[in-house]
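Note that the chains take the letters A, B, C and D in the order they are written out, and that residue 1 is the start of every chain.
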Amino acid sequence: MSKAIDVVRAVEMVPDGASILMGGFLAVGTPRRIIEEIVRQGKKHLTLITNDTNRPGIGNGMLIDAKCVDRLIASHIGTNPETQRQMIAGELQVELCPQGSLCERIRAGGIGLGGVLTPTGVGTVAAEGKNVTTINGKDYLIEMPIKADFALLACRRADYRGNLDYSLTARNFNPIMAFAGATVIAEPNEIVPIGVIPPDDVITPHVLVDYIIERRSANGR
Amino acid sequence: MEDKVLIAKRVAQELHDGDLVNLGIGLPTLVANYLPHGIEVYFQSENGVIGMSKVPGKGLEDDYLIDAGGIFVGALPGACSLDSCTSFSLIRGGHLDVTVLGGLQLDEQGQLANWMIPGKMVPGMGGGMDLATGAKRVIVSMNHSAKGVSKIVKKCTLPITSTRRVDLVVTELAVIEPTEKGLVLKETAPGVTIDQILAATEAKLIIPEHVGEMSIPADL
Amino acid sequence: MEDKVLIAKRVAQELHDGDLVNLGIGLPTLVANYLPHGIEVYFQSENGVIGMSKVPGKGLEDDYLIDAGGIFVGALPGACSLDSCTSFSLIRGGHLDVTVLGGLQLDEQGQLANWMIPGKMVPGMGGGMDLATGAKRVIVSMNHSAKGVSKIVKKCTLPITSTRRVDLVVTELAVIEPTEKGLVLKETAPGVTIDQILAATEAKLIIPEHVGEMSIPADL
Amino acid sequence: MSKAIDVVRAVEMVPDGASILMGGFLAVGTPRRIIEEIVRQGKKHLTLITNDTNRPGIGNGMLIDAKCVDRLIASHIGTNPETQRQMIAGELQVELCPQGSLCERIRAGGIGLGGVLTPTGVGTVAAEGKNVTTINGKDYLIEMPIKADFALLACRRADYRGNLDYSLTARNFNPIMAFAGATVIAEPNEIVPIGVIPPDDVITPHVLVDYIIERRSANGR
C-alpha cells in the first residue's frame, strides 16, 4: 500500500491538542508545506517539541504567529520575539531544555529508555524540579523521555517505501524524531524509486515512516 | 586594533592542528578569521556539520547548509554531516577539542553565565550548556566590562551555564586562567598595566611573579 | 507434515502486510519459507539489516552481509543498513512488529526461558532479552515437549529471558495465548485432541468454549 | 599529519593489560589484520569488549585461542567452545550483557552519559548485582557506561583524513565504539581521497579516528 498522502489529508489526521515533534533548526529541515497547512486548517492547543521557533512568519514560527501552540518544548526561542511575548503574557507554556539533552530525551522516548543520565544542566536552573543521581562520584540529572502523537519531518528524498535521506544541516533532529512519533509523516523534496537510495545511505529506515507527503508539481508538470 | 579583533586573534593562538572547534555565536565567530598559519582546524556547527567554511561566493549558498546562528555557510572537502544527536554526542562525550563561548559573567570559581538575564532576556540555552559542560577545553572570549561594570565577578549573579570551571578567559585587557585556587592573571593586553586590570576587575585576581604580554604574530 | 513445518506455517499466518519481523535462530527461521500470499514483510537481522533475503544463487554471497546466525544472506531492493545501536533501537523502542523466538520453557505467566541451562549451556543472551522485552509482539515457536517432558510449565525452572508476557505460543500440538488469567488454548493441531494436549502439558491450560483447529492454507 | 600507520606499529601501541573495544559480529566487520598482529606480538591480559568471540581460529576467536584475553564483555559466546572452556576453567572472566544494552552502554561511555536506564534484563539473571530504578511505575535497570583504552575498528573505506563508511552488516558495533575508545584505530578495506565519501554518507566522522591501518598490497602493486 502506498504511503503517499496529500498534505491536506495528512494534516487532517492531526487533532487539536495533539503533541507534535517537528524537525528543523532555524527553519532548515522543517516540513514547510505541513506547517502552512496546519495554519490553514487552524489547528489549536498543540504541544510542539522542536529545537527553536525560528522567526515570526518563517518555518514553525508561523505556528506561533497563528496561535496553534499551547505548549512548547525547545532549546532556544531567542530568535522569535513573538514566542517570548506569548510566553511572558502567559499565552504559551514554554519548557526550555539544553539542546543536547533535548536530543537524548527524544531518543530515549523513541527507543524505550526510562530516562537520560546527563551531566549537562547539573547545578543550573535547567535542573530545577528534576532528580539528580550520583554515579561514581559524579552528579547526573535524570531527564525524562519525550514521545509525541506525531513526528512531522522534512527530508531530501523518500523512496516509494519510505526510506529517507537528508541534506547537510537539514538532517538535524529529523532522524531522531522518526523513532519517537506514534505517527510519522515525512515531507520530502523528492520522491524516488526503491533502490535510488542505496542500503548504506539510508538514514531513516522505511519501517519508521507511516506517510510521505505527495509530490508538489515541479518542472511545470 | 579593535578590541574584538585583539580578542579573536589571541583566542586563535589557543587552537592546534587537527582540533575540532565550535565557535559560539557573536564575538567567538571572529576567531575563524585569524587562524595561525600552517594549522588546520575543523569547525563544527552543532546543528550538524564538521568542516564548515564561509560561502565561497555570492549566489553559492545552499538552502540546507547553515550555521547555528542561521547564517548560510559553506563546507570544505572532507566535511561530514551529523544528525543533532550525533553532533551533541561529540560535544557531550569530550570529543570537541575547543569551544569558544561568549560570556555575560565569569566568576572566581571559573563558572560562566552566558545564557539569560532573568526578566529581560530568556532566549533559552540552546547548545550552550552542553558546550560549556562537555567540551575538552572551554575558552571564554568577551569584553572585560559592560557599561563600566566588570564582567569578571566574585560570584555570578546571573544564572550559570554550567558548574564546570572554564579553562581560559580572553578579554581586551587580559588573559585569565581559572584554577582551583582562583583566577590567575596570565597575560596583559599590549599597553595595559596590571593595575589597570585590577581596577577593572571585581573578582580577586591571583598575580603570579611573571605576567606575560599577549603576543599576536605580526602577520595575522 | 513435519512438526517444524507445521509450526512455521502456522506462525507465518500471524504476519501482516508491512510488518517488520525478526526471526530467531533455528526453528523460527523456517517461517520465512511460508509467508501468506500477497503480503510483504520486512525481515530484520539484528546485526544490522532490514530487507534480508536468501542469497539468490551460489557464488553471490557478500562477505559483509550475514544474518545473526552468521549465515550469508541476500537483501531485497529497498533494504537498509543499520549500526547495532540503531538496530536495537528499533527492537527496544517497540518498532519491531513481530519477533519469533524459540523456547526452552514457557510458563503460566507467559514468561519465556530460552537462553541458558545452568551448568550445561551458557551461550549468552545475545539479542534475545532485547527482542523478548521490546518487540510489539513476541511469538514463541517450539516443540511442545523435549524428551517427553513438557516445555509448557507451571513456572520456569530455567532462567527467564524477560519478565514480559509473550503474546502467542505455537507448538506442533497447539496454539496457546498467554493472558493475564493464564494460558488459553486457542487452537489444536490437525488431528490432535484437547485431551492429548492436556496430557502433554504441565501447565494449567484454560479451555474456552470454542477451541478452533489450526488452519493452514492448502497452497502454502 | 597523516593518520596512516603500519599494523605492526599500531599494535605496538597496545600495552599488555589494555582494554579494547573491538567491532564485529561473528567476524564480519572485525579488524582481521590487527587481530592477527595482536596474536603475533603475543599481547596478554587484555580486556576485550566485543559482541561475540566467533569461532576458534577465526576473527577475534584467535585472541581467545592465543590466551591474549583475561576479561571479556560480550553478548554471546555460544559459537566458541574454547571461550566457554576457558570461562568454566576460570582462565577467562566473562561478563555477559544483552546485546542492545551492550550497544547502549558503549554509546553512553562514548558520549558522557552516567548510565543507561533499560527495561531489558529486569527480573532476569542479567540484573544480578545491578540497581533498579522505577520511573512512572515501570522498572529499569541502571546499566553502567563502557569505555576502553582502544577502539579497534574495521570499515569499508577511510578517506585520507579518517572519515569512515561501512558495508551492510559489517557496520554493526564499529560506529558506536568509535566514540568510546581513548585511541581509535580503523582498519579499512580501501583508503580513498578526501571527497570520495560525500559528507552525507560519512558514518564515522574523522575527528573520532586517530589512526588508519596502512594499505596492504593489492593488484600486485
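Here, a contact is a pair of C-beta atoms (placed from the backbone, for glycine too) under 8 Å apart; a residue touches a chain by one contact, two chains touch by 3 or more.
All of these numbers come straight from a predicted model, not from anything done at the bench.
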With chain centres defined as C-alpha means, what is the inter-centre distance between chain B and chain D in Å?
35
So, what's the distance in Å between the C-alpha centres of chain D and chain C?
29
Need the CA-centroid distance for the pair chain B / chain C, whole Å please.
55
Using the touch definition from the top, which residues of chain B touch two or more other chains?
49, 75, 81-82, 88, 92, 134
Two or more partner chains touched - positions in chain A:
104, 107, 112-113, 118-119, 166-168, 171, 199-200
Graph class of chain-chain contacts, one of line, ring, star, complete, other
other
For this structure, give each pair of chains that are touching.
A-B, A-C, A-D, B-D, C-D
If we count contacts the way the header does, which residues on chain A are in touch with chain C in the complex?
1, 107, 110-113, 159-161, 163, 179, 194-195, 199-200, 202, 205-208
Which stretch or stretches of chain D touch chain C in the complex?
25-29, 51-52, 54, 74-79, 84, 87, 96, 98-101, 103-104, 107, 118-126, 156, 166-176, 203
In the complex, chain A residues that touch chain D:
104, 108, 112-119, 133, 135, 138, 140, 142, 144, 165-168, 171, 199-201
In their shared complex, chain A is touched by residues of chain C numbered 17-18, 20, 42, 49-51, 75, 77-82, 86, 88-90, 92-95, 134
What does chain C use to touch chain D in their complex?
45-49, 62-66, 68, 70, 75, 81-85, 88, 91-92, 116, 121-130, 133-134, 159-163
